[in-house]
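In the part that follows, the structures are each spelled out as structure tokens.
First chain A sits with chain B, and in the next complex the same chain sits with chain C.
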Partner chain A sequence: MKRGSLSVVSTLAWRNLWRNHRRTLIMLLAIAIGVWAMIFMAALMRGMTDEMMRNGLNNLPGEVQIHQANYRDDPSVANSMAPPAGELARELARPPVAAWAARVRVPAVVASERDSRGVTLLGVDPASERAIGSLPGDIQEGRFLEDEHDRGLVIGRKLASRLETALGKRVVLMSQDPQNDIADRGVRVVGIYRARLEGTEDQFVYAGRAAVQEMLGIGDRVSEVAVTAHDYRAVDRWYPQLAAAVGQGLEVAPWTELDSFLASYLSVQDGFSLVFMVVVFLVLSFGLVNTLAMAVFERVREIGLMQALGMPPSLILGQLLLESLYLLGLGLALGNLLALASIRPLESGIDISAVAQGMEMMGMGTTLYPALALTDMAMSTAVVIVLGLLASLLPAWRAARLEPVTALNTTM
Partner chain B sequence: MSSISCRNLCRTFHQGDEVITGLDHVDLDIEEGEFVCLSGPSGSGKTTLLNAMGGLDTPDEGEITVGKYRVDKLSKNELAEMRLHDIGFVFQAYNLIPVLSAIENVEFVMQVQGIAAADRGARARAILAEVGLQGLEDRRPGDMSGGQQQRVAVARAIVNQPALVLADEPTANLDTRSAAQFMDLFVALNRQHGITFVISTHDTRVMAYARRLIRMRDGRIVADEQQEPHGMAV
Partner chain C sequence: MSVTWRLAWRNLWRHSRRTWLTVGAMVFCNVLLIFLISLQLGSYQMMIDNSLATYSGHIQIQQRGYLEDQQMRQTVPAVARLAAGVRSVLGVETVSARGLAFALASSEQRSFGVLLNGVQPEFEPAVSTLPGLVRQGRYLAPGDRGQIVIGAVLARNLKVGLGEELTFLGSGRDGSFSAGVATVVGILESGMDEIDRSVAQVPLSWFQETFSMGDHGHSVVIRVPDLDRVPEAVQTLQGMLPAGESLEVLDWNALQPGLRQAITSDLASAWFTYVVLIVLVAFSVLNTQLMSVLERTREFGVMLSLGMRPGQLARLVGMETLLMAALGLGLGVLLGALLTQYLSAVGFAYPGMDELGAKFNMPGRMYPEVSLLSLFWGPAVVVLGALLAAIYPALRLFRLAPVEAMRAA
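And then the complex of A and B:
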């Protein structure tokens, strides 16, 4: 297309857009509100997903885990690994890795004077657990472990009530050592934690890592290394680096492999945002097509005139598409600004406890944290532009196909 | 380019059950550089014939050649191309694009042709001055009188010095003085640049300028005479 024709087309498109102020402004507002709704909804969904992911990954824990190759089939102490050293330790010390924790994780039994329960015993180093975000958030009584040599035990509220034990009482911890012999030791309950889910309170007990290693007679060996980069969506980009750095006999698995429910939830959420955007746009497109069809109808004579003067059909088409693009672009800009202005102040959280009992079941809290993401803004822009131009194609095509003389003769 | 040849042109319109004759077996040859007037009562087919020559309307039957183009055989895009580069139009009823100013309307065709901005601006300004619209360059059609709009339309038709100008009642809204000015301008362009003019009119003052006067009635050519152009007394 020649430059001159491009400029005449853009002049015509822009001026025609403002010919019917009222109609254009109403349509503009409709698009802006639609775009705002798309982004706002996506931000809410993203916030919910983020929180659910964070909780899920804190329980997992980590975005990537390193195990001895057989550990996931048989999580016994026999399938332990040496703590990270050499190249792996160097990889873990540099970005994008933000934190990591080496931990012992074995099946165990806790027995009180009254009862005994099977649990998962976690031998942890409190400092590194804190860094990956996997500490129980809420210590209800007593304290958490002080360091990896701490000889106390921290248990969940639910477990404490089942065992009919209490803070400061002694219980017996039993597990198997690598030779399949029983290893046991009496420990004092130094803390009782509360979790979102009773199942968690019932299952996990925390002890100092060194103390557990000593009890099991495994030296400095651990069950797993949990690694986080604090960006769960990006995990596929960096975990292969770790996989390349671990030695033989070890296995590196990203969270998407470790927890397929979380992984599928995430893709459902992304898909749902897109579907929601498309649905909102389909509603808008009726207005858009109507507006453009009206514009063509009102301008039949001048479209005929332009054709009669030798403007090729492609430029007529281009002019109407450009007019539509201007409208969409302005609507998008306005909608994005609205979204920005309304979501930013809400990012500190919206309290929905009044309407959302039971959200905890899904691993979410009663506060929503809408998360504005560039990808959602870009996605809504792409949806609006692509579908908008598609919807405009029909009226524009009709205009380009008008017979010049019929159009010129049309009396209005 | 501008020799025009029409062979056996027929065009009928259908309005409900009624069949209206627009053109009825018209044969006509116009040589390059001629200055022709089409006259005839209202409804005699003048506009229909001009539209057929400009490729704005396709006849039901017959052949039209305009210069190197077989007009009745061209595609929409080829017709647009021909009109854009070789023909200047003045339409009977609706001429100007409402959202463009006078000068932008005059520049429109040159802009679509891709002529550089400075060049087309200067040419448009000059031609507007020539048709007496100096100072009104930035007016929109809605803010101009019918006569002023007519001048803009004429300016646009001739600004580019096309090979052929098809003008449908170009002086309809003009007073005698302005009409005479226009006709003088047309005659000058015809003499100096060899531009072919085909002008439809009811106006005997306009017919007086023509060297060839064609009379139509009921879609047929009923007279085709050479005459000594005598202009009009102002």
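And then the complex of A and C:
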């Protein structure tokens, strides 16, 4: 194909597109709406998935956890580990690891004068926990722990109401020590937090790490080390290094293994976005093929003339595909712009508290933050261009195969 | 068939490929809608049934405020007698009384805080699916005293097996210290960690004794044969509550508000999908009808000058659209019915759905619910959308001047 013929063909394609501007505009609008819907839906779902992942990973916490090998099966203080040292500590200090925290995590009982409840006691070092982003963000009353020696207790709002206790009151904390005896200690509630999910408020209580270690008599041993690199999708690339660095008797698990529900949800959602895009496109494609078939039909004589004048079939095919490509390109541009314009204002969050408890079943908070991702825009563009050209191939191919003499004699 | 209808029908087939493509778009959309809607309705039904069947039942009678605070002293007096009363008033056997108390459970090696559930062994299997999930040993039997059934994860964490003893320490209804020993007779495994970690069931009578409850309990759980009968049952029960007590009757909406909301939010996102699909099909129809009107400008000019009124022409276009839409509806419903009927027999699975389903108490396979509603709701809206789309092309006819139209190319 010569350079000159290419530019002629592209001019022809562009002009042909606007010969029936009404039809083109309607199709353009249909494509734009389809593309908008693809991206909008993808952004909503991505926002939902991100939020679920954030909540899920904050609860774990971290993208990778290191435990004593038996701990996950038997989360007792007896299955504790020494804090990271040597090669593991060096590995934890290297990128991509962004932060890590060593914590004591044991089942415990909190008893007030009125009632008692089973909880998960977290002995934490506030500074390192803050770095991995696992601390409750919203302290409703009082304060959070000051450091790992803090002898206070921070509990959730829901637990406080179930125990009928309040800020400044004393409660009894009971847990098992490594000798299987019950260790207990009276502690003062210094803070009450509010979490995105009520289940969290019920389950986790926070105390200073050193204070818990002293109560349980376990020296400086911890239950788990939570590690984050702030990118949950990339975890498979770096956690094997950690696994190689830990010593005997320890186990390194990525979040995909720690919470298989989250992992399968993520893959289902990613797949679902693509399915949605393809389905929307299929509905769209009927209109697209129709428009193009009509365009060919109207121009049968003209195409026959061009062929009679020596235009090769490949150029005719190219011209029609180009016409379709222009249409798709314009529709995509319009659709993407629409999506940008409609999602940007929503990024500060959509209030979904009306269905809060339903969303909580899925691990979501009360606000949905749509997330516009380049990959979603790219994916919808790819779907539309690739499938669009495929769908246009049939009418274009028919046009290219017309018999010049028969075509010239066709009457409308 | 009148002349106009025949005309409309013939006009459709002047461009048979175009008509078929438009009808194809409608059929595709209709089949998709039927599939999605019936799948949705089927899964909601299943989600509700399974969630309620696990533990909470359709209706519960509790002390006012217990649902929110779950405190030991918010009790239902004479709970077993009340349950018996409910059984005779409603005429169903599926009613059971329960108590719930927090206790520290200790085995030889481990201690855990658990919520100890006092149940009536003879009635509990009728209101909950948990008793059926006992994988080792047996469920509680009438006449049991110090026996307990626990979840598999809890058993593992406490390091106990069948026949071993667990000690319980807790506080009674009056705040007094209470303690008891129970032998593990059954271990229950549901495959859901949350359940397997939390279940600990003992006979109600033993529970009442251990926690100095007297004849009190915390709830009466009721299952009715059909979800539709819940409102009626709630009303009956409200009438029979003992006077002078602040008891309340809670239906499944109050017991598990998340359930209906999860459905509502799912419906909202499904609506978005449906509306987009229908709008796109409407555009397809709009384009087709506009084309067919524009290319017939001369013909319409002739008809106008022969004395036909624009309104009649517009009706002709409307009829053509209607015929096309009816064709799409007929074929769509036929194919959709075949597809969903087939799937409702063999079920439908999606990779990764097993784990997601488990979270919502759903099996890994979904069975679409085939009903008139699920078959016709979507396609009917598509017909409506197609007719709306034909308005613009039809309106153009009113602006047609006969002479100019006849001269048009």
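The rule is simple: the second predicted complex is superposed on the first by the 370 of 412 C-alpha atoms of A that agree within 3 Å, B and C clash if a C-alpha of one lies under 4 Å from a C-alpha of the other, contacts with A are read in each partner's own complex, and residues count from 1 in each chain.
The criterion applied here is as follows: contacts are C-beta pairs under 8 Å (C-beta built on N, C-alpha and C of every residue); 3 or more make two chains touch, one makes a residue touch a chain.
Worth saying up front: this structure is predicted, and the values here are computed from it rather than measured.
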Touching partner for A:L374 - first (chain B), second (chain C), both, neither: neither
Partner chain in contact with A:V289 - chain B first, chain C second, else both or neither: second
Greater chain A contact set [chain C / chain B]: C
Partner chain(s) touched by A:A85 [first = chain B, second = chain C, both, neither]: neither
First, second, both or neither for A:Q176, with chain B first and chain C second: second
Contacts on chain A seen with chain B and repeated with chain C across the two complexes: none
Touching residues (chain side chain A, partner chain B) in the complex: 2-5, 7-8, 11-12, 15-16, 19, 301-302, 305-315, 403-405, 408-409
List of chain C residues in touch with chain A within their complex: 15, 17-18, 21-22, 24-25, 28-29, 32, 69-72, 102, 104, 108-115, 156-157, 159, 170-171, 175, 257-265, 269, 272-273, 276-277, 279-281, 283-284, 286-288, 290-291, 294, 350-356, 358-360
Footprint of chain A on chain B - complex, ascending: 51, 54, 56-57, 76-77, 80-85, 87, 89, 91, 93-100, 104, 108-117, 120, 156
Footprint of chain C on chain A - complex, ascending: 20, 22-23, 26-27, 29-30, 33-34, 37, 41, 44, 73-76, 107-109, 114-119, 161-162, 164, 174, 176, 180, 182, 260-261, 264-265, 267-268, 271, 276, 279-280, 282-284, 286-287, 289-291, 293-294, 297, 352, 354-362
